[in-house]
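Alright, structures below, take your time with them.
Next come two complexes, and both contain chain A; in the first it sits with chain B, in the second with chain C.
This part shows the complex of A and B:
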């Protein structure tokens, strides 16, 4: 291309760079029709331990999560959601498991309030059936001194689509560890916002995902440091095989006067196929002094020497690739368990 | 299991030839040692035999008990009974030693058969004990954070567990202290059998004091320049490899 031709080339926009926002490949009318047939979250709240309440809540008390446009669109179809409240100082030795199953199209809302000084391990298992379209809005509030270990397992099935919006608000001296996994979706977009609102809040956000076929996973995250003396870490790992696409856009934003912030985000991708694609957009916005913030991203194929090592021991190529892919994601699970 | 190499030539992908006509006959039941100066191609020979993708075989043949080794994939060579104890074993984070070995053993089993987990772990613990290895190593990632000596010991652990029929030890003695060398050598010697062969690559006499070879080869400029009995080891220990340069001149 000659220099004189540059002017004739249009600048990139969201319209001609669709990787900035993964495409669900559903026409808008179809999506609207699906959401119109939305049904409520089907959640088994029986046999909950002392101090734990699961109740329905109306849309007018739902905090905003995600973008205004998304909330308006979702709330137009969503009249009620569920709220899980854990009383202050509760001691819960066993994890609480919430399961849901998406049929057709659904809009779900879940709000979790973890009481002051409470330690909670919450496991969410969301099964998405064939041809389902699920919009999930989830909001987690950690009151002072609370600890939440949260596993979000999103299990798709064949042609399923999902849009998850997760919002976490952490008060002072809280500890949050969130592990999200996505599997077998045609298209999944997950937006997560972490807001550290008071000093000494600490969060570890983890994600491990496997993609194959023409699946597309579009992860967006915002680590918002709104208060001094807070710490956040994010690690997102993807294994992309065949013709799949993994998109990650992560931002650490340190608000003014949020001094002594310590934040890091990392996106690591393993490419198993020359036709797989990853897009990684780590970002920093630092509006305070005395902070330690950094980000990293790396995408690579399998290590040839590791692969040869396994092959030399008689392990066939398919198994060796599977073992190394599993190993690539293993430390995400390990970090969650060690939290 | 016998290994017969005839006129083997191999190059890097850029065309640079490393092996320049290797000829070797390693009968079943024997231990052959390969010694030679740095950069002579000893490690390349071991990798080429195992099918490392960095090298291209340009001529010659290699047969394992009459089977054409070079036409086999690297994993098929492993399952056929060939084993390489690497000079620089790679670290494999996220894969525990126990799971790695279990996968390797399972790969050798007929389709549909399952490994007896109880018997496997029992045997693994026994072999680790024999090698004076802490059994905690079984739950650690393969070679990750291991010292040089621990890596070498781990290679021998794999060899003892997988029970190959033709084993190549590429400088397994480097990085081992005196006690570890003795223990590792005992492990190798315990495997010596009429149906098994060993190719031991080393720079030092001390390993060959423990693992006594039947034949010693001197590797130079990509091929075996000289072969003889154990007396060659003593000669090299005394004179080094300078005589090769004099012969070149």
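This part shows the complex of A and C:
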């Protein structure tokens, strides 16, 4: 990509609704500066099972939720991307694990093609070193009849920053379950775009995060129903402690003629500190009738009765709070296991 | 309350009729310093108000249209093709007999005098830019209730109204508040003294008669400690080919323990841009309720707000909007919890018909330090056709670990089985659809005064006949 093309796409500003509450005027220039001197983060495909190939590929433009300019800059730093191909009809009993470690400012691109009728459990784990910044660009393509269980784990370390752009494209009769977790980073933004392109595609997007200190997690999602008879569910749970900030912006968009859509979006937040903040932006844009779409958002402190119950059983306050917040998040993991 | 119903014939429900213009004052097209001088001279306003208007004009020019979030249809609104002041140059009358014939016939066709006789404590009837008729029951004047237009309010009762004028909605709050501050004319300034509780509602009726006019009414209601009142406003206009603008500013101040209920039934013609800012300030133990119904206009942007400023203040918004073919109803609510133990409730229902677009846009914010607050928001949308559109854009911000906020929204359509059942019992499809739609909003319609709720149901029946029958 030419430098002039990058400059033509302006960085997100306060007028960008997809960055509402996300302080784009501060975050975006800082991130752009880091991206402009970032190196490519390579992947190791030597220990992959039969029928699975990791190849080099071109890094294509991905749909984002408000970060086009940052994505374009990240693409400009990449010489190439990686493509993980799983052959049609494969059944892999063990999960495939892709681990990478970020040092300094780095950019990574991965395209995953899950073959027709294939069942795959993929675990992606990023370890972020102190003072690292990682931009992950991900595209998952599910061919007809494919099933993908996907875990994205972002494990930060002290002062680390990450921008993760995930795009999922689901063909007919596919099943996708995505669980993303973020821990121990300073600032993380996760943008996911789900496009259900053919009938009977089904997706479950899950996220569970526990925030402490001055951490800021900014989650954005778009559930795009481009075809009739598709189903999507999203559940994002955050526990905000100390001075942390959790932002969630999710949109269900049902395109014209996508009848018999069934979509739901839920954002639940637990506030554990008088200095914690949560922002929730659950949205619906419905351009077709004969649909069932709804969303819910709730932000609340720990339930006083539950807390009292544990205290009355001799559990101290700190442990009781930890147990209840763990229980609050555990349900997300359970849903992933049961998919 | 009387059991007598308004006698507006069904064909007049839209108010789609007009009389020839007979204006003594016409400020012409566009808004400049000269227009403001013209308005100030016509109304005999003091210098401070002239300067106030000019400062607002400056802010209006500097602010862009909020196209980064608002419906894109507002981009077509050309502020230079709007007439900013049209008046007949006669003071508001207190008797219907003194009101000019064409104005009188307009309001009589809309049933205003009959409603006044039947169940109102006072009426303000605004015709284009100025109030044509204003009357209030004598016993209320004796209790110290003030019900005047802004010009009178800021001259004769300056000490009452000026301290709160522009304080709830500052002039630089947004482009449209700046526009209203620059060009405001007509509306109501109301003061209800301590402990006075109005048993009957006050009503304003806004009527646009002329083409390309901008109506910029200004309402300020102050309910002193322990006072209670209900205020209702209705709006109609004939349909013209050119755009008409209604850009009102409504400020409510509920002092400790006061209760204000503000009811709006908006039925503008589809060439009207209805860009209204409504915001209330609720002090300790005070309550503000906005009950809002939007049926008409081409584009509506209206988000009634309550700033819960005092401990245990309460806010509520009940909203119904119906978007027919080509209409954009961008409505919603805002609740700002700025004090501890404040509570709020939002219930919004919308119906999209044909290519209509109904959007809910809301904000609920619990500020730092506002402990023990509660909010519940519920918005439901009904889509009647394949091309209909509905959107929901809420923003919820909670600080601290002692407040609870819940939001839920759903989109659905009329159940085919339900329609089949009713048709099987002999109802036409339009009747069945009308019954189902009325059922969808029934719980909210009951919040309106009976005269309005009956009218609303009749309007929905007509809509269903037009679109389905």
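In this text, the second predicted complex is superposed on the first by the 295 of 339 C-alpha atoms of A that agree within 3 Å, B and C clash if a C-alpha of one lies under 4 Å from a C-alpha of the other, contacts with A are read in each partner's own complex, and residues count from 1 in each chain.
The rule we apply is simple: a contact is a pair of C-beta atoms (placed from the backbone, for glycine too) under 8 Å apart; a residue touches a chain by one contact, two chains touch by 3 or more.
Only a predicted model underlies this, so the values are computations on that prediction, with no experimental measurement involved.
Novice: For the three-chain arrangement built by superposition, which of chain B and chain C touches the greater number of chain A residues?
Specialist: Answer, by number of touched residues of chain A: C.
Novice: Determine, under the contact definition given at the top, whether A:165 touches first (chain B), second (chain C), both, or neither.
Specialist: Once the two structures are laid over each other on A, A:165 reaches no partner at all.
Novice: In the overlay, answer first, second, both or neither for which of chain B and chain C A:201 touches.
Specialist: After superposition on chain A, A:201 lies in contact with neither partner.
Novice: A:305 in the overlay: touching chain B, chain C, both, or neither? Say first, second, both or neither.
Specialist: After superposition on chain A, A:305 lies in contact with chain B alone.
Novice: Which of the two partners, first being chain B and second being chain C, lies in contact with A:294: first, second, both, or neither?
Specialist: A:294 contacts chain C only, not chain B.
Novice: Figure out whether A:211 sits in contact with chain B (first) or chain C (second), or with both, or with neither.
Specialist: After superposition on chain A, A:211 lies in contact with neither partner.
Novice: For A:317, decide between first (touching chain B), second (touching chain C), both and neither.
Specialist: A:317 sits against chain B, while chain C stays out of touch.
Novice: Which residues form the common part of the chain A surface touched by chain B and by chain C?
Specialist: none
Novice: Touching residues of chain A toward chain C in the complex: what are they?
Specialist: It is residues 15-17, 20-21, 256-257, 259, 269, 271-302 of chain A that touch chain C.
Novice: Going by the contact rule set out above, which residues of chain C touch chain A in the complex?
Specialist: Against chain A, chain C makes touches at 68-69, 371, 381, 383-413.
Novice: Give every residue of chain B touching chain A within the complex, in rising order.
Specialist: Listed in rising order, the residues of chain B that touch chain A are 50-53, 73-75, 77-79, 83-84, 86, 89-90, 92-95, 99-100, 103-104, 107-108, 141-142, 158, 162.
Novice: Inside the complex, what are the residues of chain A that reach chain B?
Specialist: The contact residues of chain A facing chain B are 303-306, 308-317, 319-320, 323-324, 326-331.
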